[in-house]
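First chain A sits with chain B, and in the next complex the same chain sits with chain C.
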Partner chain A sequence: MSDDVQAVPVHDVITVGAGPAALTAAIYTTREDIETLLFERGVIGGLAAVTDKIDNYPGFFEGIEGLTLADNLQKQAERFGAVIEFGEVTALRDEGEFKVLETTSGTMKARAVLIATGSDYKKIGVPGELEFYGRGVHYCATCDGAFYRDKTLVVVGGGNSAIQEAMFLTRFTTHIDLLVRSTIKASDVLQQDLQKYVDDGKITVHLGVATDEIVGENNSVTKVLATKTETGEKLEFTPDGVFVFVGLLPNSQFLKDTPIELDEVGLVLSNEDLQTNMPGVFVAGDIRSGATMQVASAVGEGATAALKIREYLEDRKHPVQN
Partner chain B sequence: MSDDVQAVPVHDVITVGAGPAALTAAIYTTREDIETLLFERGVIGGLAAVTDKIDNYPGFFEGIEGLTLADNLQKQAERFGAVIEFGEVTALRDEGEFKVLETTSGTMKARAVLIATGSDYKKIGVPGELEFYGRGVHYCATCDGAFYRDKTLVVVGGGNSAIQEAMFLTRFTTHIDLLVRSTIKASDVLQQDLQKYVDDGKITVHLGVATDEIVGENNSVTKVLATKTETGEKLEFTPDGVFVFVGLLPNSQFLKDTPIELDEVGLVLSNEDLQTNMPGVFVAGDIRSGATMQVASAVGEGATAALKIREYLEDRKHPVQN
Partner chain C sequence: MPKKVTIFTTNTCGYCQMVKKYLGAKGVGYEEVNLDLFPHRQAEALSLSGALTVPVTVVTKHDDSQEVIVGYNLAKLAPAVA
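What follows is the complex of A and B.
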């Protein structure tokens, strides 16, 4: 351990990320006088903050704007003493009693760490995609599918999740155009299932079709422009909305050179106590292997993680001996 | 299967209980057109509904009254089509595709069942205990401890949880009188830890003391009356509040004659998908082994359980074949 690192003040808890899971954990820890620093590289409130309307977060019976919910969570955590700083964690190492975090604001130390960096949805990177994010362009069927009752959709993607979610969305929609860039790369069972929806006229599959642009006006999508890659033929769809299912991007890059175990897509593995294989390092929310990408679940895991962190800290440090 | 049972309509999902976990699950299932009946024997909203103020439910930054939160959850579930009925489930059996529930309203059938009956805190059964419940008498240190910053408390109990929670509460309180009916029945480590708090003057332990009555006025506790059982000597304490830690009462009696596995205190065991050892029967909230007794966690598990129930139902029933 270098002198520099020894001179660094030790936080009780540092959360990497300040989305719903981390903010909830901080509500719990700081309310119990466990000093907590939240370290965020992007937006406080995470994906929730950039979601137009969240209809299924329990307790707001008419739904709540994502930004309002994020703001409430931040106010609640800060009310009990949580501190939020901006910057990026680049490395994390175990020095026994302390965890050392290398960050863009310098070296930091904490007795316990909560990894709560979340995951992003992969984008297809076409004009209009970001502009109409949450206003016609969606990435989560469970979250936003119900807004498309008796409507038509374009679904983009050809993997397991795209096929699964397209079939799921048919419970709301009258018709779905499924745009697949090359061929379908889903399990045989899913492909057989899909065929029934195709026979039934609920889904039309377009293979070898590249999505070029999402066009809209007045806060809603009006057109999707695409190209049949083999012939160059231009296609135009006029759905009420677009769902993109081309994968997840777990924000776990900073853990690559650590011993912390990730699953095959890069999500963080944990035990029943939400503890990773590095003692004192916990995980909650959309970055956890097994996550549901739901704010309600993230919040639940944040609360549970906070209680487990408290137990961990109490097992290691007798408060009276301070 | 008898003719009677065959004639019974089949629900997609029946939740046993209508607390935060079940209501959240119902928000998710019904929003996705999975028909759901909630079956409740007591109070809609469960323990949350009878909690005065919930300070740490994420999203309400100034706290929320338990009854208001319960009411919001109910409205939200009903908005999407959830139906709540009152009555008690007395037995549950697996008939493969269907689960059969015997209830005080007759036999019911469901494709999937969510056990969400919660747990109650054991009471000591003295005058004033129920009257001042949530208004000076508490059962959850994590929930209500922070309301007693710089105050004094009486803590009742002598087991592991009583000792653990009493020590935890000292981070808020100036002094705690710990009333133990007979002797302390906690682990050696905990007893050694406790001694340090005693030496420090933070906790005074009263062994062989029976709590007789909790006295209060104007929505707060003023006195605790007790008796030294050996001598009959009357004792009087004047704390700002009382915490009782004499155990949990999991509402799992109706599962006694089923094959569903319970842990040693009677909480329901489950796998990572919150599924019990009976296929199609899931569990969430305070009745689950590993539960934290926190609304946030219950709600998170309710959301996760709903998604797992949907997967379970889709794996078994192809919607297009209907």
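What follows is the complex of A and C.
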């Protein structure tokens, strides 16, 4: 903590989130003695930490487990003095030189803020989904997959996450029905990988199938009801559980009462310096409008944001005289 | 500080790591039951939590009452181990 104004702790930099973007930013800022506090309400390492394996992050030619990468990033940031607070930022306002953050650990001030909140999994929004959450309906394959050893599953979704997670889940299950509302939107590489599991009979892909309801009894899922979108034909699946990966929802709800501009899907807009329209508030990673939703890009943006934050803080320390 | 804390985990579960990191940061000791190593204890985790998920954290207080926390839920975990 650099000083104390009216008993509210003041930090040089506060990051909202401690995923790959924020942890990288913290490596850069703290290494240059810019004191940095990271707030993390979920898993340190963000979505990367709850992903089984990251195959395309440069420098790890055989891929790296998401949890290991997250741990390494945390250790590297902490080596230079970054501090991670277990908690959530719930609101942000501009008081000129200082930005005021409401958090689960109380009110805090920062000279600069980095928004690096990424996104969370979306729900399908069908009957039974909330009722059986954790008792047959799941959103985290690396957490809950092990409960389905030698069982059958339905996986809902057709994007990169759904395909990657369905393939991961085959290490436990005997069979997976993959319900895709329209067509598969995953990358070509993932689609080629998926084909191997289809050929082996481990995954059956159902295209153009909308999930209608998750039915269960006695604390567990018994049926998934669905409809073929083209013909209206009703389908019934009888898995032991359901994993849902139907896209991501930007974590920008805490900005709703701020003047910070968001795009039409709720991602944060910024200029070429990754600064938002609130001076001193920067954005990096998946939550930035225009982001490419990859660990390598989140890490790159984290580094860029840190360097821009350093410039911003320097400019305020030594204002240009006219 | 509670009398005893037991966490049911799996190898790949990031939220399990967070419970361990949080307890580590607060200096609270715990016993870990890794369900990948001891799959026969899954039924125990299920009967305690009513849920097919990890982490499941069982906090035993000094009066031997127990609180079971499902998932990484700081709002419940923090006061339970304070």
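Following the convention adopted for this analysis, the second predicted complex is superposed on the first by the 186 of 322 C-alpha atoms of A that agree within 3 Å, B and C clash if a C-alpha of one lies under 4 Å from a C-alpha of the other, contacts with A are read in each partner's own complex, and residues count from 1 in each chain.
Keep this in mind: contacts are C-beta pairs under 8 Å (C-beta built on N, C-alpha and C of every residue); 3 or more make two chains touch, one makes a residue touch a chain.
The shown structure was predicted, so the numbers you read here are calculated from the model rather than taken from an experiment.
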Between chain B and chain C, which makes contact with more of the residues in chain A? B
Touching A:P58 in the superposition: chain B (first), chain C (second), both, neither? first
Look at A:F86 in the shared chain and tell me whether it touches chain B only, chain C only, both, or neither; answer first, second, both or neither. second
Which partner does A:A49 reach: the first (chain B), the second (chain C), both, or neither? second
Would you sort A:A116 into first (chain B), second (chain C), both or neither based on which partner it touches? neither
Once chain A of both complexes is superposed, is A:G66 in touch with chain B (first), chain C (second), both, or neither? second
Applying the touch criterion given at the start, work out whether A:P20 contacts chain B, chain C, both or neither, answering first, second, both or neither. first
Which of chain B and chain C A:A296 touches, first, second, both or neither: first
When the two structures are overlaid on chain A, which partner does A:A146 contact: first (chain B), second (chain C), both, or neither? both
Does any part of chain A touch chain B in one structure and chain C in the other, and if so which residues? 142, 145-146
Okay, in this complex, where on chain A does chain C touch? 41-45, 49-50, 52, 65-67, 70-71, 86-87, 104, 134-136, 138, 140, 142-147, 149, 219-220, 241
Note which residues of chain B are touching chain A in the complex, please. 20, 23-24, 27-28, 31-33, 55-62, 64, 69, 72-73, 75-76, 79-80, 142, 145-146, 167-168, 170-172, 193, 196-197, 200, 202, 272, 290, 292, 294, 296-304, 307, 314, 318-321
Any idea which chain C residues touch chain A in the complex? 10, 12-18, 21-22, 25, 35-36, 39, 42, 50-54, 70-72, 74-75, 78
